[in-house]
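Down below are the structures I want you to see.
Below, subunit A partners subunit B and then partners subunit C, in two separate complexes.
Moving on, here comes the complex of A and B:
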């Protein structure tokens, strides 16, 4: 047994050639991943990176081609029934529920599938309906709900078996900003109950706001796993200096100094950003600006988005 | 006991869905028309010995039609509404969910028996006398079970096949003949009769007729045959659905094609 919530070693998944897809496709190519219990671990990557394939394998609905994966200490192939009784999966889609029947009927049905007896199932259903804030709409058909509400039903469905490990597959895709914020707040509350979450997303703000650690994957390969703050440091990107300048001469001096990769104007007029070529040159850049009489300046590490874009290169968010 | 709980929950889910989409049970609207057609022919013909066929053949046809229709679409519908992965990833067996849903539809489709009876009594003023009500009720119950078991097998078979529509279309009229629904199996050529006996409906048809005659010898073992054939269908269906689950987890797709 291991203390890790998820332990993945050398995981490969190859989709064999079929009609319509004449060539075999490697979705995961030797992934290693550790998820520490009691936190939200983000899985970042563009569409087609292999995030959903990994979640499918961890939630036992897809077999790996090679390698091993353990969830809460149980092998997803050898002990899939043990895994299934301990996990919940939340899909980021309006589908995946019985749209024509009520929220309550959906949850009661899934409660039975997770082995909850009638009374326990009813109690758990009512508890979750209350928890996700749908008490007023519990008897409405799922198809009558807004996207944000449907996503709450998905979350309730994922929690029906009281799982210690929850997989969230792009749960806020398509939600408006308010609904997404509500959903994230709800996740924060659930995290306090000691559950572990693996969140796949390509929303960098979401990952930065929710996750303790993030793993970046692309084309089936793990690029890095790190603390959200460490991601910036690990990449060792040149630090940035934001400053106010009214004189173009200062900008010319900076560009000609060899200390910066570039100087760009920010949204606010007269506000600029210089990217130092190295940590060492950052001090020289600040000194140069101070010598020119500029005192309104600040430094900042690269954002997660900048790190992410550098890691996945030009593909960015593209498919 | 959990499997019974899952079957019951699936049954309730199907009833709830059918209430929202009554068109799923369109057969309840068309079955009386079939009954009227059969009864008209019988009345014109004037032969009272075919009364049972005229009254209950439409109901048996409706049941078989529903089984084919359901079997073809049950797992595909789950896939279409993206609930299939959730079902496979749950601790319960997909086969129990499919069987539970099918029981609900077959149970609702059994109302066609009532419709046919009412049509014969009230519209055509015919004296439909069930001489052995116990035999009739037991036959109905065991036939519904066998129908649900067979539909479960069809659900697994169809999702693994490349051409569901071809299967569905070719399994209607020939099976009404093989099932002794339109004419008693004893009237078929002798070489065809052994084939009919592996199809539970042939025994059910005979039992329905026997329940309306003064003599109904050997009904108990004939009922047992229907139950065994239904159970065989159910077991076969559960095995096939397990194969579907293995295929989905191995290939990421339920389709053969």
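Moving on, here comes the complex of A and C:
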């Protein structure tokens, strides 16, 4: 038995052709993934990468076509019942709640499905309503709530069974920045209680802020799993240096030096970024700039966003 | 939110009482969002009264008080089946609103999930049937006794539950074949409506059909109600009524097995969350 919260090996999922979908689609093509307990693991990737498919397999909604997946040590196919009692799932959409009835009614019902009925169920419901900050709106119908509030109801629903492992599929999509921040703060608290989260998101800042590790997938294959702090080092790309320059002479000199792949202007006028061809040439670039009297320079490893863009490629809206 | 508790162990056949209580509460809360008492009386109830009165008036055409009574009782009792089988639509809605995949992957067993969906329709169905029966028996100048009517109530409940299980089994089919729920509901309801002694006695049908009628909801319960209302022997009525829940249990077993099959094949196909 393993101590990993999630252990995925060679996971494949093919959606067979059927009426309305004439071609078979490989959504996951041999994915491996380890999620260490007690942390938030980010799952990144462009639209159609297979993130939701992976989350659905792990939460026993979908069966894998090939490969294995274990959640908290239990196989999602063989021991699905053991998995189901221990996990919570939050799919980030309008669906999945009884829209016409109140927040409280929804949560009481879901509590009962997790074996919490009567006084215990009511207690847990009130606790969660309080926790996600919906005490004032608990008697409102779900359909009357704003998107951010609905998202909190989803989270409360996902937590109702007091799960050790929680799957969050784009939980902050459509939230305003303040609501998203609140949501993140709440996740932080929940994490401190010893839960493990697998979070899919398109928000790279969010992933960088919340996750200890991130996994990037695209077209059903794994591109990278990395510790967020070291993510920049994973990139084969050379380091870069940002600097201020008043005249173009310096830029020309740099470009002609053979030390850089390129020089580009940053958002701020007069501020540039030079990408060194290698770690060694970075030192020479800095010396060259210093010789030109430029002192306002800084170096930085690539951010998660840059790593992501390089990995996934800049394919815009193409999926 | 202190200790990480363990949800109860999965029991395939054992229904979970807490879930049933919450299901009914949820169903009633949903029901009340589209029906106030007045809207229910003015809308649904008037409609079913008219429907039953229409069939009963065929008896008037035949100048037979007995025919009026036969049709009236049959059609009034059929109402509870009509309403309880609406669970087919409740299950379709479950898929539509994305709660099905969450229900199907929650820790409770399928029997609990199936039993819980749309139980509220059983309750309102009993009310529709009982009120219609009483009112129209009075309107059409038929004899009726209070003990007789009271005796019908538990039997109506039995018919309602049996119809609920029957509807749930039909609903399970729609999980795999969505978008046919209206057809399934209509065909499903027409079977007992035609075969179960609502408008013509079961014995009217050729033997194979009469035999088939035995496994549909309404047949046995309605026979018991006719016995009770005509002041027949209590033990005879009990014997007839006792068959109704047996039919119900049969449909429950079929429904639970079908539901499990449909959920598993949807998990394989990836269509559990689709509609």
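Note that the second predicted complex is superposed on the first by the 315 of 319 C-alpha atoms of A that agree within 3 Å, B and C clash if a C-alpha of one lies under 4 Å from a C-alpha of the other, contacts with A are read in each partner's own complex, and residues count from 1 in each chain.
Note that in this section contacts are C-beta pairs under 8 Å (C-beta built on N, C-alpha and C of every residue); 3 or more make two chains touch, one makes a residue touch a chain.
For clarity, every value in this text was computed on a predicted model and none was experimentally measured.
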{"item": "Joint occupancy of subunit A by subunit B and subunit C, clash or fit", "value": "clash"}
{"item": "Touched partner set for A:131, first subunit B, second subunit C, both or neither", "value": "second"}
{"item": "First (subunit B), second (subunit C), both or neither touched by A:84", "value": "both"}
{"item": "Contacts of A:193 with subunit B and subunit C, given as first, second, both or neither", "value": "second"}
{"item": "Touching partner for A:164 - first (subunit B), second (subunit C), both, neither", "value": "second"}
{"item": "Which superposed partner A:109 touches (first subunit B, second subunit C, both, neither)", "value": "both"}
{"item": "Subunit B versus subunit C as contact partner of A:255, first or second or both or neither", "value": "neither"}
{"item": "Which of subunit B and subunit C A:62 touches, first, second, both or neither", "value": "both"}
{"item": "Subunit A residues touched - subunit C or subunit B, whichever exceeds", "value": "C"}
{"item": "Residues on subunit A lying within both footprints (that of subunit B and that of subunit C)", "value": "15-16, 18, 56, 59-63, 81, 84-85, 89, 91, 93, 95-102, 105, 108-115, 117-118, 141, 157, 161"}
{"item": "Residues of subunit C defined as touching subunit A within the complex", "value": "1, 3-10, 16-19, 21-23, 25-26, 29-30, 33-34, 97-99, 101-108, 267-273"}
{"item": "Touch list for subunit B against partner subunit A, complex", "value": "2, 5-6, 8-10, 12-13, 16-17, 20-21, 81-83, 85-92, 97, 248-253, 257"}
{"item": "Subunit B contact footprint on subunit A (complex, rising order)", "value": "15-16, 18-19, 56, 59-63, 81, 84-85, 87, 89, 91, 93, 95-102, 105, 108-115, 117-118, 141, 157, 161"}
{"item": "Subunit C-touching residues of subunit A, taken from the complex the two chains share", "value": "13, 15-16, 18, 56, 59-63, 80-81, 84-86, 89, 91, 93, 95-102, 105-106, 108-118, 121, 124, 127-128, 131, 141, 157, 159, 161-164, 193-194"}
